[in-house]
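In what comes next, subunit A is part of two complexes: it sits with subunit B in the first one and with subunit C in the second one.
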Partner chain A sequence: MTDLTWRPVPRSRLTAAGPPRSPRWRLLPSATVLAIVALTVLVVPLVVDLNQQYVDLAIANQPPSAAHLFGTDELGRDVLLRCVYALRVSLTVGIVAAVISAVVGTAVGALAGSIGGWFDRILMRLVDAVASVPHLLLGIVIVAILRPSLTAVIISIALTHWLTSARIVRSEVLSLRARPFIDAAIVGGASRTRVLTRHLLPNVAPQVLLATTLMVPHAVWHETALSFLGLGLPPHAASVGNMINDAQRSLLIGGWWMSLAPGLLLIITTLAVSGVSGVWRDRLNPKRRTELTW
Partner chain B sequence: MIRSIGRLTLRRLAFAVPVLLVVSFALFVLAKASPFDPVERYFGVRIIGASPERVAQLRANWGVDEPVVAQYWAWLRHAVAGDLGDSLSLQQPVSAVIGDRLGWTVLLVSVGFTLALLLGLVLGTLAAWRQGSWLDRLITGGCYALEAAPVFWVGLAVLYVFALQLRWLPGGGVTTGSEPVSVGGVAVHMVLPVAVLAISQAPWFVLFVRQNLLESFTQDHVIGARARGLPDHLVVSGHALRTSLLPFLTLLGARLPELITGALLVETVFSWPGIARATVEAALNVDFALLGALTVMATGVVLLGNLLADVLYALADPRVALDG
Partner chain C sequence: MLTGTGITAGYRNPVITDVSLTVHPGQTIGLAGPSGSGKSTLARVLALLHKPFAGSVTIDGETVTRFRFGATQRTRIGVLFQQPRLSVDPRFTLRRVIAEPLKGNQERVTELADLVMLTDDLLDRRPHEVSDGQLQRACLARALALRPRYLICDEMTTMLDASSTAALVGVIRAYQAETDAGVLAISHDDRLLTRWADETVRLSAPLRR
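Coming up: the complex of A and B.
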């Protein structure tokens, strides 16, 4: 007689993705951080009278201390306060550029989707063509033509980042066009323009808004990269990229704190923005919940 | 099979040629629309003393006052023949400028990309296998943080720690001092830039592999393999990973633009003698001959990469409808 004993199989971890964690887990910390960043960036320049060009060579190149949490730079300016300014500049650039790129993208996508036919095909091929040029390189070309400035950077970001929203809007418009309420509007005598502006675009709006929020970190990143290469905002303007670029020199003589703070703040802000918009996206399209971004 | 891959290749090439033409023409028009006059640029301050005849002669020689289309046609004719014009900022033929630097960039990018892929596969598999464990959280958390961090900031941090503080590895260039370029020397100098490029590109692959593995754990053949009593590591490597790798192939192509962007920034941080420096110089000096050639070239590489990824996909999975 064989000894038949039942042994429990050790619990294996080879299981499918568990149920997504409660959105609150992501929303609360991200929203808190975002609120703190937004408040700081908006309020601090109002409250603290900070001449950010204020130079005090006596306290230059000081490592972090109680008086200067992230130290001072080579001109004796407080790194943390300068970071607040830099973040303010970078976020402004990012938001403006993201909005412009969303407008361009929505226009292209809506036209392509609602007119259709060869027009659609040509526009979408154009989108594919622009998508094949590396973003930063195209951005560099645009900045080179317009010369480095705030406007040039914003245009450069807007002209390289409209593709995503164009694709989203087009596919949304295509799927909306097949819905009965559009047929009803057309039967009711609505003109093409009216269908587009009163029926199609309002229904695309939430998706566009979401895409724009998700675009902000990309835009900020692009601005930072351009500034770091010396092709972004003018050197005296504080932006995250400029600060890191400036800090490069100090790094060689041991001043690590000057680049630490801007980078960390940028990471935290980016994570917070994508955290909040990620929760929002999950609400909007539950099917795409498994997507890669946070 | 071979024939359909040939058709795919032909169709993609038929798309690539117009794209390259459109991109180069658009760049050309943009350059023309900019307020920069190459002749004035060439003379610089000396234009004050230069005789009007000489300026006029140069204008005629360079053909700067001809219509855009005629100029573009002239450029295209020469470009096809391999003559990309002269770089104004570096005073060298564009082909020589690119030729000197391209090898270094290709070296950095290819090794960095391979390493990023390996990291992605290994870490992604580990994270999926131990889903929910501290290891998984560490890996995914680290990936999200790295995705949000600017490449050059990571580069500076690595430079500071390993080259300036610990002094383990050289932090810039390809040689130390005046010693000649040698394989060993380059290998040592390569470690930091390649590592930074790899860890900045890896997060995306890691998260992708993890996600796809988790999805494939619910598929029938994986459940079947587990039901037959195969050990977990065999199921993961032999059954789950294989099927989830297919979509990975197309993503390799899609990731190329980011890779080129990342390489530009990493090269700048580590003073790598690749094309990054030339690109920035060209942009600062409005050197369109060089800038345009670099952009068109990068676009060509991206299109080629996409084609290659699609062909590999078709080879790996014959079910793929090639005429989609």
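Coming up: the complex of A and C.
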């Protein structure tokens, strides 16, 4: 027979099993970083009267110093100032492209899922057809047709990235519409549109919002890739991709700071967006709504 | 009179074959049968949620031609589902659950909440913050919101204790006495049906395939 002995639970385990940390503490670091980034990219170009395109070959390739915190590039331009402008462009691309792709994807997924039948099959084959082409390749073709510009980059990213949202929304709608609460709404006289707008879309909103926020850094990376390939913004315009592309030449002569600064800013912004979207996802869960006090 | 005549219905294969059932106004018909015998499928057909392979549904002399969204006789039938937790939108408070078919008539919401004995405090809670019994009461209020001529209760007491069951049946009986509504009560509980229903119909065990 097994000898059972009562032992008190160690204090360390009691602490571990305590209530979870307030989401405010999870949100704070990411939100602070995002707020600083947003304020910087919005306010600095308006307040600081400095030309990010100002070339001064006398101070070219200077490492970080008190005068130039992130150093200067091969044309003597201040890397920190260019980073601010670059993030401004990259975040614009990221946010606009993410929102457009989410709207297109949600519309396609919601229609396919709620109408179903042959309409669903046709739309999903369209999604499969677009997904079968590598999206970077498709993006390059779109930019090539439209000529490289900020608008072309946004359109190319939006048109190649709505598929994920469409699939997420469709599968969620298919799952939701089989639930008894949808039957209950129909019994209560709700039309197809009312069911879609009052029940299906609000219930898929958390997933769509999460996919959209995660899409922002992805779109920034995509813009970076297009610019790196010379298909994004014009070479003189500051974007994170252009800066990294320009900086690769300087790596050979030891100019590590030129790629480190924009790369680091991109990673930090990506992590901050991911952090905020994680807390947002939890916040939108109705089962947790009354447990959260912020 | 709610009538299903020669109903053959199912999903890929028929679950019920050539079943006929009539619910008269003011009458309570019990529907019993083993699991898989097609009680819920028949309830869904009579609730105009599921189109049968064959047969017809008639409501007060009008033959139903369209099911689910297109049904013009939709609001004459109320339904109470088996699992209250799955039959309400998890984002809604109980107040919104009841108000949903009423499109915002708050006076009627208060009237219905009083009828099913839900307090103001409970009305402002979300489904995960109340018990199954309290949630099923909100579902009953929602089912009665549009004053249906017929009420289909699909194993509504499965998740409830005896006192909640008695309370709900009491409310339905009072509604029936007031409006002369017909009730189809589906249950596994023979004792409940004996006490509640005027007549009980039994579906036989499912066919082996």
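FYI, the second predicted complex is superposed on the first by the 221 of 294 C-alpha atoms of A that agree within 3 Å, B and C clash if a C-alpha of one lies under 4 Å from a C-alpha of the other, contacts with A are read in each partner's own complex, and residues count from 1 in each chain.
Just so it is clear, a contact is a pair of C-beta atoms (placed from the backbone, for glycine too) under 8 Å apart; a residue touches a chain by one contact, two chains touch by 3 or more.
Small disclaimer: the values here were computed from a predicted structure and weren't measured.
In the superposition on chain A, no contact is made by A:S277 with either subunit B or subunit C. More residues of subunit A are touched by B (comparison of subunit B with subunit C). In the superposition on chain A, contact of A:Q207 is made with neither subunit B nor subunit C. Within the superposed three-chain model, A:G189 lies in touch with subunit C and out of touch with subunit B [touch as defined at top].
Shared-chain residue A:W221: touches subunit B; no touch with subunit C.
Within the superposed three-chain model, A:G263 lies in touch with subunit B and out of touch with subunit C [touch as defined at top].
Within the superposed three-chain model, A:R179 lies in touch with subunit C and out of touch with subunit B [touch as defined at top].
Residue contacts after overlaying the shared chain place A:H199 against subunit C, while subunit B stays out of touching range. Shared interface residues of subunit A, touching subunit B in one complex and subunit C in the other, are 290.
Residues of subunit A that touch subunit B in their complex: 12-18, 125-126, 128-129, 131-138, 140-146, 217, 221, 224-225, 228-231, 240-241, 244, 247-248, 251-252, 254, 256, 259-260, 262-263, 266-267, 270-271, 274, 290, 292, 294.
On the side of subunit A, the complex with subunit C involves touching residues 179-181, 183-192, 195, 198-199, 202-203, 286-287, 289-290. Residue ranges on subunit C touching subunit A, taken from their complex, read 44, 47, 49, 68-69, 74-75, 77-79, 81-83, 86-91, 100-101, 125-126, 128-129, 139, 142-143, 145-146. Within the complex formed with subunit A, the residues of subunit B that make contact are 15, 18-19, 22-23, 27, 30-31, 33-34, 36, 129-133, 144-145, 148-153, 156-157, 159-160, 164, 204, 207-208, 211, 214-215, 217-218, 222, 226, 232, 235-236, 240, 256-258, 260-261, 264-265, 268, 279-280, 282-284, 286, 288, 291-292, 294-295, 298-299, 302-303, 306.
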